[in-house]
Every structure is written in structure tokens, then in C-alpha cells.
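Next up, some structures in C-alpha cells.
Each of the next two complexes has chain A plus one more chain, namely chain B in the first and chain C in the second.
Up next, the complex of A and B:
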């Protein structure tokens, strides 16, 4: 027996916004029609109750994307900047990128949800043989925004993906990445940092599916969460039987900056091959009080000492961004949010 | 300059119990003087240094401590630092990810800001730190590394004094700065400390060994036992301790 689903106003709005949609958006419409927005009863969303977070959302909104013309005629050396902005109300948009064989491309997505928004953004990305993509995702949401960004990425052999995300949260911000990794000289570095003030929620959910032999995957996500903030990390590596000699490492580390900071993490390995090197690590900690005292003894105000410690804690995944200006931009966006945590 | 009267403190142990460590400590260091504190392990020397500099968890339960006429009890550690109190840690702390040079510049400018003084510009600072690093035989490469991370015990102690030379505090507490130093380093560090001696500056030198006091001659030597000063005297007291041990003084404390 299936229960009859009564759609919430947000669900109705999203279904309405996707009237006549095709492709991924049609898919989203069907799923919402059939199941509603995901709730914590859905294992994949157990720490990010989207239906509840979107409770106040009503009406059809707009998802404006600038920079889309950069996605056509892509060639080596391109740098594509997409600015994705969701107005109040429900909205969804998607785009596709193919990085041609041998080309090296940088893609920067800035996601910005307004108060009362339920924004959905999806990228379908394919890297052809020997291609390289440096993908950077930065969120800059209102505290009362709800935003789900997702990407489906497929690598051909010898392709390289280097993905970095910086999430400062929202009422609910979720960044989901699904990657198909063929091994055979392809490699993936993915990671990022989240910084969450009170009332903000950020969810990093990644799935890397290793389908061929000899793949390398390095994932490092670090976070800092203030009292009243909620960080979620869900990482999953699947290693098929054919994906022998996969070398895949997943690490999540986060700082709890106050007693009511909440962090949920689920690193998972699902391995069907027998000759692989796979590992995952997850560690939660607090700021080093001894270091804080040392810094204050030298004259640094408490807030500055804390900010410096948090900043240096979060630096490692960001240091993997090769473009120096971009790296500094990411660090600056985090730095700007650190004040609110202290 | 530094006046401590009948100071008592307690700490909370890991099992949640309270433990009294300083039990009525009185001490006065006038400007221009160097006082040494010697005493057995666990007598409360490092605790005194933390209480003076305001470390969390080192609660004052009775008594007073004043520096340059200001009661320290209510001040945050950074305010005490800006007043000019400097602690060279017995165990200097590692701060991953923060280059020493960045840290020191921030610290200096933070202290200056608190005192209402102008910031030191980047070139001025570089000039200052180059000069002090040379004085202490510290390479610029080392200063680019994160604070104390991967430094040897002796290098850490040398860095503590380098920081003091840059920050130019009015009062130095040196907690076993000599431990871990080889003979040459002891000389270099002592020369650094002696360079800071001045009629306006006071020092409290905590040590177990006469050899440091051979280089940094104290005006007064205090013996500390069980949270109190049990005996004070001239430099000869340190020799006496070295020859005879603490036994006879600890008896007097009881």
C-alpha cells in the first residue's frame, strides 16, 4: 500500500516551475511529483531534511545563470565563470559541459540563493581522454536560502578532475557530486572546506564510482562549525570488481567551535575488487586551547587568534587549487565568514 | 614593577577535582632587576607563570598580583601581553599552518594597536626581524616555517627569545628557557636575554640549573616549594642549592 502524498507548497511550486521541462529538469519534476522533496527518512538525505527546510518556500522563483555561453566551443585554456542566482521561490536549472580531449579548462560556479529560495542547480560534465578540469564551486547564500547543487561527472581514461568546494551554508545548502572514474590513468582530486555560523547547514555528499583499473582518487574535506551550525559529510567510494589497483583515499576532518555545533559524517567504502588501496578517515576536534593561549600571550586578541587557527586548519584542501588568484579568492571568502563564528 | 602578594590558585584536574597549587606566594621584582626562581619539580613554578599571564583554568582564589600598578586579575591574556608581560614557555606550542614570521608581525601589531601605537610597516618589520634573527643565529628559512612545528627542543627555546627580542616586552618570565639548549645555544640565548636587560625591564627566570645563572646573573634568587617562596637570597643561594639540594629548604616550608 502506498500512502497518498500531499504536496507541500514548496513541492507544488517546484512542480509548477518545472512545467513542460525536459532532461534533468523533467526528471526532477517527476521525482518531486512522485516522492515529494526528500526527507530524513530517505537514507541519502538523513541529515538534510530538504522538505522541512523548504517549508516556508512558496511560489515560482527564477534561477538566473550568467556565463552559459562559455560552455559552448570549449577549448584548451578556457576559464568559464558561471554565476547562479536563485530568487525567492522554487526554481531549477541545469547545464552541460564537455571538456574536449587533451584540453585543460577551469570552471568556477558561484551559487547564490536569496532568502525564501529553493534553488536547484545541476551540471552534467564529461571529460574526454586526457582532458583536465579544475572545478571550483563557491556558495554565497542568504541565511534563509535553501539550495541544492549537484553534478554528474564522467571521466574518460587519462582525464584529470580537480574539484574544490567552499560552502558557507544556508538554511540548507547541499552540494552533491557523482563521479564515474574509469581508472586507466584518470585521476580525481576532490575536496573543499565548509565554515558554518549559527543557523547554517551545509551538506557535502559525494559518490565516486571506480569502474576500471588503476584509478587514483584523493578526497579531503575540512569544516569548522559554530554552535548552532550543522555540517554534513557523506562520502562514498564504490570500487567495482574490474577496478583493481584503485588507490582511493577519503578524509573528512572538522572543528566543533562550540558545544552546540553539530557534525554528522558518513564515510563509506564499497569494494568489490581484491587488490586495491582504499582508506577513509574521519576526525572531529576542537580548537587547540593551548595554542590559543600561546597566541594570546603574544598579544593576539582572542577572536583573531581563533580566526587564524581556523583559517590555517582549513587551508589544506584549498591549497590544492592551482590558480593562485582563485585560491586566494576562496580563502578570502572563507575568511570573511570567520568573523561570524567567533 | 611586579608585585605578588599572598597569591593562591587552584586548577581543575582531569577527574574534575580542584587542586590548590600556589598557596600564599609573595614576591616583588623591581624594575631593572632579574630574579631567579628555583624549586623542585611540581612546586608550582610553571603554574605561577600561567597565573601571571592569565591562562584559562588557572583560577586565582586569593591574593593580588599587580604589574606596573595595574591589578592583573581581571585582564585578558592579550591585555597583559600588551602591558608588556612576556612568557617564554617551558614547552613552546606548535601552531600548524601559521608561518612564524606572519605570526610575529600580527602579534607585534596587535600589541601596538592595543597600546594605541601605530602599526609597523612590512619593510620596517622585515628589517627588525632580520636583525634579531641574525643576533640569535636563526635562519630566515626557519622563520618561514609554521610556529614551532618540527623545531627541535633547543630551536624552540631559541625562537622564544627571538620573539621576545622582536616584541620588546617590559617584563620577561623565562620558564626553563635553558632546558634543551646545547652549550653554544645557551650562550647565544643568554646573550640575547642580557641584551634585553635594562633599568626599565624586569625578569623572572625559572630554572633548575646554575649554568644559566652563570650567564644571566640574577639580583635575587628565590626558592619555591609547595606553592610558596620559602627562601630568598643573593646569587650565592643558587650555588648553595646546587651543592646541597632542596631538602633543607623544603623542611622550612612545612
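Up next, the complex of A and C:
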């Protein structure tokens, strides 16, 4: 039944890079060996053809991570900064974080893929009871990088996750987060913004699995895509039969700024409990001409007016970052990209 | 007081016969031997005296079907279907088509009468005041269309309304031009099967500028044991024409699963409008999931002309498994697609249903309102696609899908796909999943409604937006159906 798979050079390189790997990396090696890199035929990669994007990647690369020391002996008030950089070629690395009970921790991951790289980065995170994690992921990839960042996050009761991502895309950039939500006082806020110039592709894929009663989940993702850019949003909430009184809301909104912009979205709900409030919303459109006209009338040049409008549109999910300096850093990185875009 | 009494009576009636269409009609039938092969296809084609090109088309589809694999992506679960264990053709023995209503065997007339389908034109005239409420009916019994009413009067207006086998005989050019042009033989697994073995169905052609003088309706009845029903409907509204069409479906209660794989094709040319309503009440199987109809249907409308409009309204209460996505291809400039759906699942029913709106032309608009109600141990999925192509400037879509869960053993899922390739489009999608509000239930019960009646009342409120889209006569029927389907889901 299974067709005989001929591995592409990128697949061979990735399998080679993971020779003798253990844990998550061994799993990645096995999956690549068996199925190759995912293509559009894979429902979970419907709009992000990784195999095709990584076509030109060859050879084994390096995924350097600095700041790993911060992941050991984690205590309340810690701020962990990880810089993840992929050189040309295929590479993969992973790390784990446990936030102890009651501790409040900030984790900032900066992902940087070089031209010709196929980087794979994976975090396994566990939040103990009453713990709080503010996780921020910022991408800063070369236009010819291919990068997949993923995280498996598990919350204990009464834990809080606040995750924000800023993705400026790459040839293909995908940020995938899987969260297990036990309810019982635990709560999740997740979201982010993407800004994509021509030739850039960003894919935000999230899955939140509600397994216990009374969970709260808020998700807000916003994006702006210029002509020739491609934004993808895939969100999924699963609510188990045991997860009564779940309150889960998913929103994705995006602006299309140019003729050949493309945005694809799949906000999914899979619900098995009856006493829940679940909603999702998805809206795609372009800049409000009236607002633009209003601003230009007041003497703002067109480009400046557009930039201001887009910036304020994208700022909403970033305002949920509590640390002010961090929030400003995220906004500044968006602003820089926007400036180049308009 | 009267309302309460009526409600109580309704509920009592429901207790008496949960599925009142579950009887079988005892009539001698000609069955094709079981099995799917070239002979079966030749037999069906031969029975209908079809032209050679039809037989060729069917045989090609059969060959293609044999090479295909059954799709598994839908969120439904059923034992494998043995396609060789089905009678692909069943007709009443006395001959398929009757020249006049008087020749139709009494058993069949009685059967349709029990279903509440008035076939005799004079009865229709007597039963309904005023001429505007008349409905022309094409009645399909297993594999054949047994009678089509009001044909003469429709012909006066230039409207062709007949079974598709008659259309192949009397209007071959029209059929050849449009058949398979919306749903090609290669479209999907079940459409390919249908192309190979479809036996009958309705054909409607409304000429330019004509507003069809009455509602058209087809009633599908699956009666014979071990059969499947594969009908094909083709509706063409020429420039500036209007037609409203309704289909209803029922089947006897049986322990076995029966397969229904239909194809419906709609074509709307410039300024034309087609309104297609479905009340689907195939036998859903018993509460343990034994028996019931597999409803695997391909329905698609093509807004080929500018300013054309196609509107789908569906009330889905029956079938063990439903797998259908009535779609609109919005090709013509400023064309409009609409989809209004109420799907109710109870017992062990599974439904994976939704719509596709493909925006190709400039200024195309679409609206999707889907209301799903899951009860018992059922599972229901809304799966929809809104796709806007690069040239569809000014396209607009609004989608709303709400799910209601009754009881904690059911599931409700929403899988919307949104694809947009132009900045000059505005797409909005909203979805919610909730349960019946305890406060509202309490309020209704306080005023003397029992729990079941209160639930029915609230459910009717939940789906009102869609019910409003149904033709008047059927809105009432649909409300009754909702009550029947949810019977036993409370407490």
C-alpha cells in the first residue's frame, strides 16, 4: 500500500543530521525516514508544503542554542532568553523546561534561520500547579530560510500560560504549539501577530486540548500580508467530555495589503462536552479606506497613515505581554518590518 | 391553553410512532441482480433505452470507480460497504412509467399518500386553497420515477419537469449539454459511483425569462430491501428564469444499512435564480445504531451567468450517516450563493455536512448559516470551505455556524476552511458551540411546558433563521420533524 518513498536531498540531510539522536529528535528522524517531510497531502500541512519549501536545502547544518543554562534550576522570577540559530543545511535541536509550582517565569525564544537552512526546534514545557509562564517567540529568519518551531506544553491545575509570537516569515516559517489544558483553574492566553513581505510564508498552528472542567482559553492571532506573502492560521480546540464549563475563544483576523497576498485559515472546534462556551471567529479583509482617508486629510502621508493603521491593528495581541520592555521590543520588531513593507 | 394541548398531543403522537415513515410497501418488484459490474450498468442503461453516449459515459465512470479508494477524511465511522452486495436497480413490476395517474398501482399511491405526498392533481386542487400554493411533484420510488404531476400546465409555461430518463429521451441535447458539467464523472468517489449506476431523478429546465408558476418537488422513497438509491437531479434555469425546488426523502425501517448516493447539479445562467430546499428524513437507524441510510450525496450549483443566484436550504434530520456539502461555484459576475442548514443528529447518527463557496467572479457574494443540533450519542461536524480566487475582486462572504449540544454524550465539531487570494475581498466567519440555556428552559417550563416541549420551542428559536428560508408549506413540516428527531433526547 505505502508508496516507496524516495527521499529528497533535504530529507537525507535531516536524517543524516539526526544520526544516533534520542528523544524528540529520534522521533523526528523516524518520521522523516518513514514519511519524508510533510507535504500538502498531509491535512495538518495543507497550506504549508514543507517538502517543497526545503527543496534546495542540502547538507547537515547546525542549530546553535545559547542560554540553555537558564533551563536548569528554574525559580520564581527567572527570565530565560534562548537564541536559536540555524546555519545552512538541515538541523534539529530540542530542550525542556519545567516551571516549578507557584513560580512565575518568562521565556523568550529568538529563532533565526540562515539562507538555505532547514531548522527544527522543539520545546517540551511543563507548568506545575500554580506556575505561570510568559512565553514569547520572535522569528528573525532570512528570506530563504525554512524553519519549524514547535512546542509541547502541559499545564497542571491552576497554572497559567501566556504565549505571544511574532512571526515575520521566511521561505517557510511554521510555529506549532500543542497544549494540554487540564481546566480546574488553569488558564491559557495565546496569540501573536505575523507580518509578511513578498515571498514570505508564516504558518501559525495551535492545538489546545481541554481535558478537565472549567478551563479558560483565549486566543487572538492577527496578521498583515503584503503582495506575494502567504499567511496560514490553523487553530484547533478539543474539548473532552470531562471538560465541562470550558470557556474557549479563538479569533484570527488578518489584513491583505496587496494584489497577490494569500491567507488561508482553518479555525476548528472539536467538542464533546455540552455545558461549554466555545467560539471562534475569522475575518479577512483589507485596510479601512475611510480611516486611511481620515488620516491623510489630517496631513499624514499615505505610507505613514498605512503604517500607523496596520501597527495599531497588529498591536492588540501584543498588548497582552505584561513585561513592558519586552512588549516594546516586540512592537519595535514589527514596526521595523512594516516600515520595509510599505 | 390550546397551544399546550396541541403540544401535549404532538408529544403523544411522537411516542406512538417515532418514525412514521418506517413502513414498507408490499409491491412486486423487478430487481437487478446484486453486484456492481458492466452488466449491471448495461442493464440499467438498457432499461432506459439510453443513447450510446450515455452508456459510454457510465462505463467510463464504472471503470474509474473500480480504481478508486473510498475516502476516509470525513469524521464518520461505519463498517465497510460491500458494493457487490447491493441491488443497483429496483422497479415496480408493472412497468416503470405510467402514462396517467390512474395506471399507477394503488399500493404506490397509498404509500405516497401515507407520506403525505399528494400525487393526484385534483386532490392537490381540493386540498389547497388558491392556485399559488400548488406544488408539482415528481415521485421516485426506488430506482424509477413513477409519476410527475402538473406536467401539462408546466409545459404551457415552457417549463420542462420530468424524470431524467424521459428527459434523455425527449430532450437529449439539453441533457447532454448540461449533465456532468457541474459534477463531472471524476468528481469524487460517490459521484463516480452515481454516474455509473444512477437510475432516475428529476430534470428541470426553465426557459429564459420564465418564472416557474409553481413549486417543483421530488419525493424520493427507498422501499425495496437490499437496494441502494442512486438518483441524479439536473436543474437548469436559463437567463432570467426562476425556480424553487424541494426534495423530500424517506425510507422504511430496516436492520440493514441502505446506501443513497445521489448527485444534484444546478446551473443558473445570467440573472437566473434557483432555490433548492431539502427535507431529508431517511431512516436514521434505531437508538443502538442498527440500520439506517448512508446518505453520501454530491450537490453542487454553478452560478454560470452574471447576477445569478443559487440558494440551498436543508433540513437534515434523518440518515444514520450523512456526508454532504451542497456547494456553489460563483463564476458569474455579481453572482450569489446561499446555504442555510439545520442538521439534527440524535441516537447514534453521524453527520459530516457543510458547504463550499467558490468565489471566482468579481463582486460575488455568499452567505452561510448553519445550525447544528447534536443529541443522544450522535456526532456532528460542520465542514465548510470558502475560497476566494485572485480575480474575485469585491467578493464578500459571511459564515455563521452555531452548534447546540443536548446531553453530554454527543459531539459537535466545526471545521471551516477559508482561503483568500485577493485583498479586495471581505470574509467573516463566526462559530459558537453552546448548550440550551438553563434559564430559558426554566422560564419555558415555569409557564407550563414540559421539558420536551420546552426544548422543542427553544430549538425552533435556535434554527429560526434557517426555517424562514424554507417554502411556507415545508417550514411547518420541518418544525414537526425537529420535534420528532429530538424526541427522547431530554432527561
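By our rule, the second predicted complex is superposed on the first by the 342 of 342 C-alpha atoms of A that agree within 3 Å, B and C clash if a C-alpha of one lies under 4 Å from a C-alpha of the other, contacts with A are read in each partner's own complex, and residues count from 1 in each chain.
Basically, a contact is a pair of C-beta atoms (placed from the backbone, for glycine too) under 8 Å apart; a residue touches a chain by one contact, two chains touch by 3 or more.
Predicted model, so just to flag it, every value in this text is computed and none were measured.
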Put the two structures on top of each other at chain A: do chain B and chain C fit, or clash? fit
Looking at the overlay, does A:290 come into contact with chain B only (first), chain C only (second), both, or neither? first
Given the touch rule stated above, what does A:315 touch, chain B (first), chain C (second), both, or neither? first
Would you sort A:300 into first (chain B), second (chain C), both or neither based on which partner it touches? first
Let me test your reading of the model: by the given contact rule, A:262 touches which partner, first (chain B), second (chain C), both or neither? second
On chain A, which partner's contacts cover more residues, chain B's or chain C's? C
Tell me the contact category for A:214 with respect to chain B and chain C: first, second, both or neither. neither
Looking at A:281 after the superposition, I want to know if it touches chain B, chain C, both of them or none. Which is it: first, second, both, neither? second
What angle, rounded to a multiple of 10°, is defined by the Cα centres of chain B, chain A and chain C, with the middle one as vertex? 80
For the superposed model, what is the least distance in angstrom between any CA atom of chain B and any CA atom of chain C? 9
Footprint overlap on chain A, where chain B in one structure and chain C in the other make contact: none
Please give the residue numbers of chain A that touch chain B in the complex, ascending. 288-291, 293-302, 304, 308-309, 311-313, 315-316
Chain C partner, complex, touching residues on chain A are 43, 46-47, 227, 241, 244, 255-286
The chain C residues in contact with chain A across the complex are 73, 390, 403, 405-435
Quick one: in the complex, what on chain B touches chain A? 53-56, 76-78, 80-82, 86-87, 89, 92-98, 103-104, 106-108, 110-111, 114, 146, 163, 167
